[in-house]
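Here come two complexes built around chain A, the first alongside chain B, the second alongside chain C.
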Partner chain A sequence: MSLALSSVRYTYAAGTAFATDALAGIDLAFEPGELALVLGATGSGKSTLLRVAAGLLTPLSGSVRIDGRSVDGPLAVVEPGVGLVFQSPEMQLFAETVEADVRFGPLNQGLTEDEAHHRATRALEAVGLGAGEFGSRSPFTLSGGEARRAAIAGVLAMDPGYLLLDEPTAGLDVEGREAVREIVAASRRRAGVVVVTHDAEEFLGSADRVILLSAGRVTFDGPADELVQSPERFAEAGLKAPEILRAQILARDAGLELTRLSLDPADAGLLIATARRGAR
Partner chain B sequence: MKAPVPFGQFYPGDSPVHRLEPRAKMGLVAAYMVMLFTVDGFAGLAAATAVAALAVAVSSVPSRLVLRGIRAVSIILVFTLLAHGLRWNPATVTLLRVGPVALDAQGLVTGLFFVVRIVLLVVGTSLLTLTTSPVRLADGLERLMRPLEVLRFPAGEVAMMLTVALRFIPTTAEEAEKIVVAQVARGARFDTGGLLKRARAYVPVLVPLFVNLFRRADELATAMEARCYRGGAGRTRFTESRMTLADRAALLVGAALMIVVGVVL
Partner chain C sequence: MIEFIDVEHEYRTAGGSVPALRGVSTTLSPGELVTVLGPNGSGKSTLARLANGLLHPSGGRVVVDAIDSTDAARVWEVRSRVGLVFQNPDNQIVATTVEEDVAFGPENLGVDRESMHERVHDALATVGLSGLEQREPHTLSGGQKQRLAIAGALALAPAYLVLDEPTAMLDLQGRADVIDVLGRLRDAGTGIMHITHHLADAAAADRVLVLVGGSVVYDGVPTTLFADAQLMQQCGLTMPPVGRLAEELRAAGVDVPADALTAESVVTAL
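Our next item is the complex of A and B:
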């Protein structure tokens, strides 16, 4: 059981003078219940990866298989389904009410009005927008963070087996980012979750697995802690390491012998204090 | 982002055609059109073809891009050809006859004349937009319209509107594409059902597209006002283009030559 990409290549405008290789041979499998974080610099192919994984782009070569089957076309409507939350998904809200917008996906899946309504109510609760309060509002009156959450609800309502999110916290305020992180953390119970971002600060602490993408290739695939212990990999992929790691690296450069690096501020403080005591 | 150049969009370059002052270029295109509409035989069209071919060659714009605009008018071309070529009953030189409808050779020749004229028209105007950046084009238009300001015509505002509109065409196209894909990811289908169903399928694309457009227009207007934009009168450009002696000479000689050829042939 997995969403598996094997030897996937993708080139935009293939065969023309404007051809751009976006994915250069990707082998990845995402499991249900897992929170995978894909980190990569702008232009490294993250959005393309998600579009291919959701069946919205057909790979030039290689294959995408969902639970062993290969399917042509969008994977949103097959079972167990792949839901894709695009970058700035609030751009796609269109219906008269928030509830009607969230119902759009389930109805396209062929559910009845009643079932769709039920799904919409549940999804809106899941993103913290009570259907009672927000369901009958126009999506165009929501704040940025609320609109983002409504758009995510529109995908959750389709009950995907795999949930893919493209830069889900980009452009939100602190509160909005926190809300989205909570939604993501809660979703992994129901689905395999893949989060794609260039911002290593946001999800590194909660991810089961981290994948580094650089120029359309996977340069690292392993547990978050393994990446944390070799932070030079961030720079190699054109990324900024999280501030907390940079602080510890600076401490190391200044001569402190840290036994390991940590993402947790309390833990990191303790490590630095211990190292200083040892140095005296 | 790298993307294929759509028909008629600016193709950057440094050829003499690119460097020609926009007003001079528009003047030459106008003269070229006059030539196209005054010639009355294939000899004239051949001369116009030579002019167009020379300009395309000098511009170093790939002819593939110049010809792309023809595809957009292909239906008009076919219609033009058939409208002249098909005759009801009597025909001068019948090539083919199905019942009362005849394909007439003489009509086809006339049709061909108009088809070639339309193709040359499209090539000429495509070359203008392919070799002139939108900003320079709007600038040129503004300067051409400026004398109308005497009649209280808001040339500056119209030019600013054109510049802004041109600027947002690629953004809007890109956004429309994104919204389509996003709705497809939510299971929307755009390729099934009858005409009405298909038209309705586009509601989830058009609504957010327009909402975003109006929102952006509003923000842009506020941002422009915040930077003290008070209408176009008296505004100057960051780079003022000037007609050099060469531009004037090219305009005068080129336009005169084309119009004379058009009247004679």
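Our next item is the complex of A and C:
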């Protein structure tokens, strides 16, 4: 059981003077129940990776398989499906009511009105927008955070086996980011979840696995804590490490002997305080 | 100076009108960096669009260097004094080379060739893109593109620059580069209004303006806000992890200032 990419290459404007290699040989497999975080500088191929994995782009070479079956071409119907939540997905809300918007996906999958309604209700509950309160509202009256959640519900309602999210917290306030983090964590129970983000700090604490992309190649693939303990990997991928890790690296550079690095402020504070006592 | 005087703004919809700003009074002076924070829907973007006359207030006044923003005869004076930069750089880049893109604005204003070259050169140097004049914009990184968008605004030599979440699409390095550029522009005398969701960006500001539900709930120096947990909560703001590390260290007796929200400022205190 997996969503597997083998030797995947993708080039934009292939065969023209503007050809740009976005993915230069990717081998990755995502498992159900797993939360994988994909980090990389802008232009490293993150969004292309998600589009190829969702079957929206056909790789130039290599293959994408779901549970061993090939996703052949953009219109292939493969179950369990792959749901992709784009950047700023709330820009794509279009129906007259929130419920109708969320119901649109399941209806297009061929479900009956009743089944689609049931799916929509469940998906709205899952993102914390009670169907009773929000279902009949126009999407355009929602706040930024609510609209983002409604858009995510539209993908969840199609019950994807793999849920891919591109920058799900970008542009959201504190409350909105918190809500999206909770949705992502809960989705893992029903699907394999892949999150592409610039806000590593938002998800590093809850991710099972982190993948670093640089110039279309995977430069790191391992548990979050392995990355935290070797933060030079961020720089190798052209990324700045999260500020809290950088503080501990700088403290080390300044001569403090930290036994390990931590993403947790209280834990990191303790590590630094202990090291300072040891230094005296 | 840009003066917002008791500004009200409503958006009209089919179902009536939705208030976006309720009696906002604040200022932006030349050489000042003001960071605007607040939840989604608090009126931040509306404030940005009012600053250069893109929107007109429903009540109160917006005055830019003594010109009322609704003065139809002087609308271009207002717009040339206040540059606006938006969230997504891809939507703001128009030309096929970096140099032409920056030249687009001044060209349209009829700036002569000689001073045009100087403006483009200076604008690119300010944002750290010198040497990339002939590059195609789509080959730039996200951070570079956003700095190109800023250079495009700078080439019009605005006295004030208003930026609406210019770092939302950028990685940490790209964000740091943009913040660095804003600091240098402020030092060179430009008045900067920076709208953001990243609290850490506010540490570098002279003043922080927090909007909640269209009203100003804080307008003052960052340290006072950061040090007041109750006010922070009221503003819907939370400390980033490095700020919470600083709090932990303060509790352990290390003298870390309240506006230490970068790794460097925290470690300097050690």
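Here is the rule we use: the second predicted complex is superposed on the first by the 275 of 280 C-alpha atoms of A that agree within 3 Å, B and C clash if a C-alpha of one lies under 4 Å from a C-alpha of the other, contacts with A are read in each partner's own complex, and residues count from 1 in each chain.
The working rule: a residue touches a chain if its C-beta (ideal position, glycine included) is under 8 Å from a C-beta of that chain, and two chains touch if they have at least 3 such contacts.
Because the structure is a prediction, the values reported are computed rather than measured.
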Following the overlay on chain A, give me a clash-or-fit verdict for chain B and chain C. clash
Output check: A:145 vs chain B and chain C. Expected answer is one of first, second, both, neither. What do you get? second
Residues of chain A touched by chain B versus by chain C: which partner has the larger set? C
Taking the superposition as given, does A:192 touch the first partner, chain B, the second, chain C, both, or neither? neither
Answer with first, second, both or neither: which of chain B and chain C does A:168 touch in the superposed model? neither
Give one of first, second, both or neither to describe whether A:45 is in contact with chain B, with chain C, with both, or with none. neither
Touching A:216, do we find chain B (first), chain C (second), both, or neither? neither
For A:20, is the partner it touches chain B (first), chain C (second), both, or none of the two (neither)? both
Using the superposition on chain A described above, determine whether A:59 touches chain B (first), chain C (second), both, or neither. neither
Looking at the overlay, does A:105 come into contact with chain B only (first), chain C only (second), both, or neither? first
Those residues of chain A which chain B touches in one complex and chain C touches in the other: 18, 20, 140
So in the complex, the part of chain B that touches chain A is made up of which residues? 2-4, 175, 178-179, 181-189, 203-205, 207-208, 211-212
Over in the complex, which chain A residues touch chain C? Could you list them? 18, 20, 40-43, 87, 140-141, 143-145, 167, 170-176, 198, 200-201, 238-244, 246-247, 249-251, 254, 256, 263-266, 268-270, 272-273, 276
Of all residues in chain C, those that touch chain A in their complex: 13, 15, 38-41, 87, 136, 138-139, 141-143, 165, 168-174, 176, 197, 200, 236-238, 240-242, 244-245, 247-249, 251-252, 254, 261-264, 266-267, 270
Residues on chain A engaged by chain B in the complex (per definition of touch): 12-13, 16, 18, 20, 51, 54, 56, 74, 76-77, 83-84, 86, 89, 91-95, 104-105, 108-109, 140, 154-155, 158
